[in-house]
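Okay, here's the structure, questions in a sec.
We call the chains A, B, C and D, going by the order they appear; numbering starts again at 1 in every chain.
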Amino acid sequence: MLRFKAAIFTLLLLLLFCLSAAAQTAEELSDTAALEEPVYEIPRLAQVTNFEAKDSPDDAGGEIELTWDLSVDDKKEDGLVSKYVVLRSQNPTSDFHIVGVANHRDSSYIDKNLKEGTDYYYKIVTFPKYQGEVRLTREEIDPLMEQYPELTELDIKDVSMLAEYDRDIMSVFDDNILGISRVAGPVKSRAQWFNSKDLDTLIIGLTICISVVIFIGMARGGRKLFLRRIGGLQAIENAIGRATEMGKSILFIPGIQDMDDVQTVAGITILGRIAKTIAEYDTKINMPVSRSIVMTTARETIKEAYLSAGRPDAYSDDMVHYITDEQFGYVAAVDGIMVREKPATCFYLGAFFAESLIMAETGNSIGAIQIAGTAMPAQLPFFVAACDYTLIGEELFAASAYLSGEPKQLGSLKGQDVGKFIAMVFIIIGAVFATLAALTGSEDILEITNMIKSWFSA
Amino acid sequence: MANDEKNNRGLLDRLQFIDRRYIFIFIALAVIIPLLLGLRFEEKPSPIVLALYDKVDNMPPGSRLLMSFDYGPTTAPEIQPMVDVILRHACLRGLKVYLMAVWATGQSLTVQTVEDVLIPEFPDYEYGIDYINLGYKAGNQGLIRVIVDDMKRMYSTDANGTDIEQVPMMKQVESLKDMDLIVSFGGGFPGIKEWILFAGDPGAIPIGGACTAVSAPQLYPYYPNQMVGLLGGIKGAAEYESHVLDRYPDSFKTKPTPGMNMMVAQMVAHIVIMLFIVFGNVMYFMYRGKERKLAMEK
Amino acid sequence: MWRRTVPIMITFIVGTVLVVAEFIPHKPFGNLGEDFSLYFDIIAVFAFILGGGNLCRVHFSKVYRKKTDWQFSIVTLLGFFVMLAAGLFKIGNPEGIQGDVTAAGSLFADLYDSMFTPLQGTMYALLAFFVASASYRAFRAKNIDASILLIAAFVILLGRTPAPSLIADFFAGAGITFMATAFNFVPTLTDWIMDVPNLAGQRAILIGIALGVISMALRLILGVERTYLGSDSK
Amino acid sequence: MGSDLIGVWIAAFLTLGIMSFLYKDNPWYKFSEAIFVGLSAGYWFASLFWQSLHAKFWANWSPAVQSLFQGQFDYNLLYTGAGILGLMMLLRLIPPIGWISRWPLSVVVGGTAGLYLINYLVSNAVRQIGSTIQPVVTFPESIGWINSGGVIIGNVLVFAVLIVSLGFILFGRNTTIDLPTPTKLFFFLIALVACALGTFYSLSMPLNLTGLIIFMGVFCGLIYFFFSKEHTGFFGGAATVGTWFLMVTFGASFGYTVMSRMSLLIGRIDFLLVEWLKVVN
């Protein structure tokens, strides 16, 4: 209590001092709330305990993690604490500035954008809830904020509470008026060379990748691998043959995404195989594209296919032409091409969005054979409904390997199956433990389940 | 040649492979006729819609309602009816209305809404006293995070360039916490979710939402703890309109109800599609039965 | 060598580095993925000159040779150059060349609002018609698979309208409680289909896609798949 | 007001032009299409120029070059690489050295492959497997559809799906397990009795069995995607059940999107009737 009185006394002295020193501000302050009404008392709250600061793990540097146990005044749901103010300094005794605010009932904070290798010291201030009205006006708050930019971390109400209490706001944080924790530090932030949280992912990824590589190697070594037939791929050759018989062209749509989408890359690799057959059959191919890089790549691909089919003279750059990057503008043009040229066969292989059905329905209306393939789950139903054959998700990526017939490419598909097998095994094991845990209510089994789950929670 | 083929086909055959343009006509009619006739059905409001209605309805006159326009022209057909009906309801209740946009495309929509609804239908409403258009400010969720504590740091003027300090209805508004209800229109990013996370939760401000039907399921989990209520798509608009009409028949009799009208169009179109599916299957089975018979005879 | 081996090596190095970088938070690997997207965006702008050039070439030659519909090629070229000029020189931009290219009031924004938006919206709206014609044709109980597709789609369609409750009311009025209960369950059934079998199918597709992508990416990085690089000769 | 009116008329003209395609191809559509293609190509290039080349490249790179002349190294100088790759792309215009454009291309493809490998591994494979690790049988909680009698409906459906799947695996045409018919019948009867008992049991004391369906769907769906095993025997039966799940998924997503597509059309028609023709208020 004595301390409070002393504090109020100091405050009044300070105010008087301010009055005489700065005439301008004094005029504004003197006859308003500050003097006439009793000054708001800041309740002193218990400080946080077990306050620690350490370099935050698995980051790119520049971050420090602070942890603490809640103040005793914050243990209840409706406690007196409104927030924890985080202060930082580069020396242990002075120059602490506000760097951030954590909500009440939070017990950690990550300080970001720090300089690596510098020593930092931290304090936590337990900040009380403000019960009164906001009394200071903007004209009073704004210069304060300008003087102490770090106050922007606080609410207007908080600043106004502090200002009422003590005009020299930052000194409040240095005084022992608020519940201030011990100083933690020194602590440096460092960047890590390995993100240990990703270890599970690394192991799973490596297992899958290595099995793919092993099977590629085995296939290269001459080992015969069995692969089942895929309906849509069998149909490709027939579809090209049909176009040849009818003397009509083949339309190839590689989706509306750029080369930075792996589905487009998959579409282009399939194009390489198809174009070879087309060159052999001496059929026309028409390929409108919506991205310039796709245009360049597709030209290289088709040229190569014609060359390896022994018909370089039949190739022309006009086979691939750019239309527009705009999704629906592209579709409008493709629809126009379809009804005017009436291609016998349409391929849609790549990444598609809402335009999928517009194209597939128009293609259907001109009686073309349509073969589609995409890994966009939302568009698959439309292709399934409107096209003759659809390569569903994974089949799109496998198609070029299938069509190539090269053993090493086929080997990679076998490796993929190993990945599926691993997935199924873990799903079964996980489900069995999870079910046992749910039915028996056993804590031990639950722990095992959670452990398995945590491997797959990256 | 092609004509001959067509004529030689049996009726069943022709019906089974019906020219799709007939379907297009039916769909077009299914949408146009209900809209032209202005048909509307009464809709029973679902609890999540009713909750938002009650919140607006129970606010005393003079309470502050912030409407944030977080959508663009492509989703406007779905969202605009909800904007209109909530704005009308608010004006009827005498609330002070603050318009703003977190989407750049929302700016022109605020102006348009004021011109189409507020000025002609509520001539008593005076700019600066009863409603204000704060316009668009960049910053997405960052903007929300700032104005939750301090409105004037981001808004020194309104959308017309008037100094905010001169606007009477902004005098008592320090931050979003002075709002009695915030309704965000639009389910994209930033949208209702950001309003909940960066304004509703930290500032304890009631948040309501109105979004497209597609994005509604992702927002249900926030109701009722973090969100007052939600209108999902045209159905949500229709339910709200129907309920307002039910409660304030005199004032709303003459007002347009685009949501209810569109809902009828949508339902009719749905039913037409379903009828076509049924019809197609019946034809298919009749055709197959006939073919089988022919095969047996042979 | 320069034409084929070097590109394959570049693919291998870039691919491997980006995979490894995912596990290294330390600079400069930490945000290599974002850097790559930036690089890609910049390359794409340069590449657009090839695409735009191709567009002009195709349409100029159409006009020049008076091929069928050459008149419309003039329209395309006109649209292209007007929009390009409006955008590049920011014609009518209230803040001049410093302003944002899409700033309201500029010719660019006006053209966008009055022509681009309705065209885009209408093309999108055509989907409503195509959805109808596709469902008429595709949803037939030809075999088990098609029947399942049909039933799932039909239940969801029904559950998204107020029809089930209306029909249920009708049956309840007629005193056939059995049918009324059945129709009252349609919305529940809709949710069940979305939450359970639909979810399971989606997951199987997603896991499959992931494995397909991994294997495809490995083939590209290891140089097993190299069709996209074209041929050795000119 | 005048310019607004012109804008509405232009918009209506183009809207109807695109819609006329539904009847058949015609000059009106060709005109709308031509203008759409031209405008949008110009639009994309202008926005890419300002928003990518100017804002992302030039604004970062030119200050970095300036500071280099003052003897300072700026991290942004690395953007030079992007510029060089972009210029290499343009070398296609000079046929003799056009092949250099393959270098930026292989950077793009390599980078795409690397990024997607990791992203799909994490977000699709690993996460989806993780969220499938769930109990297949639980005591019901009161969430969503479950509280409205959904558990019972769900369980009846679960048993129906199980019995049909099993029946198919045993008796289906091409994919049957190689067992004598009486044995198959015996198994099937046992399964039938088990399912019937299960149904009655779940009616009296509801257990939530939906996890079982999810588990089965994911499992059989993955089997469908296996490339290195012929779809025969048990494997074939499971793959067939997998395709059923895929069909439900496709049907459901199809039905679900119809509504939003309709509202787009309603929006356009609304524009024509209200803003253009003004026949409806």
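Quick note on the criterion: a residue touches a chain if its C-beta (ideal position, glycine included) is under 8 Å from a C-beta of that chain, and two chains touch if they have at least 3 such contacts.
Only a predicted model underlies this, so the values are computations on that prediction, with no experimental measurement involved.
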Least step count from chain B to chain C, where 1 means the two chains touch: 1
Tell me which chains count as touching both chain A and chain B. C, D
From chain B, the most remote chain by mean C-alpha position: A
State the pair of chains with the top count of C-beta pairs in contact. C-D
Whole-Å gap separating chain C and chain D, where each centre is the average of the chain's CA atoms: 9
Give, as an integer number of Å, the spacing between the C-alpha centres of chain C and chain A. 19
Taking the mean of the C-alpha atoms as each chain's centre, how many Å separate chain B from chain D? 25
Rounded Å distance, chain A centre to chain D centre (Cα mean): 18
Among the residues of chain B, pick out those that touch two or more other chains and give their numbers. 20, 24, 27-28, 31, 266, 269-270, 273
Among all residues of chain D, those touching at least two other chains are 18, 21-22, 30, 32-33, 36-37, 39-41, 43-44, 48, 89, 92, 102, 105, 108-109, 111, 113, 116-118, 120-121, 125, 129, 132, 215, 218, 222, 225, 246, 249-251, 253-254, 257-259, 262, 264-265, 267-268, 271
Can you list the residues of chain A that touch 2 or more other chains? 205, 208, 260, 262, 265, 293, 296-297, 300, 323-326, 328-329, 332, 361, 377, 380, 382, 384-385, 392-395, 398, 413, 416, 419-420, 423
Note: in the complex, chain D contacts chain B through residues 22-23, 257-260, 262-271, 273, 279-281
Okay, in this complex, where on chain D does chain C touch? 6-7, 10-12, 14-15, 18-19, 21-22, 30-53, 56-57, 78-79, 81-83, 85-87, 89-90, 92-93, 95-96, 99, 102-111, 113-118, 120-121, 124-125, 128-129, 131-132, 144-145, 148-150, 153-154, 157, 161, 210, 213-218, 220-222, 224-225, 242-259, 261-262, 264-265, 267-268, 271
Can you check the complex and tell me which residues of chain B touch chain A? 20, 149-150, 152, 174-175, 202
Could you please specify the touching residues of chain D with respect to chain A in the complex? 18, 21, 24-25, 29-30, 32-33, 36-37, 39-41, 43-44, 48, 89, 92, 101-102, 105, 108-109, 111-113, 116-118, 120-122, 125-127, 129-130, 132-139, 211, 215, 218-219, 222-223, 225-231, 246, 249-251, 253-254, 257
Mind listing the chain A positions that touch chain C in their complex? 58-61, 191-195, 198, 202, 205, 208-209, 212-213, 216, 258, 260, 262, 265-266, 268-269, 271-273, 291-293, 295-297, 299-301, 303-305, 307-308, 318, 321-326, 328-329, 331-332, 354, 357-358, 360-362, 364, 375, 377, 380, 382, 384-386, 392-398, 400-401, 406, 408-409, 412-413, 415-416, 419-420, 423
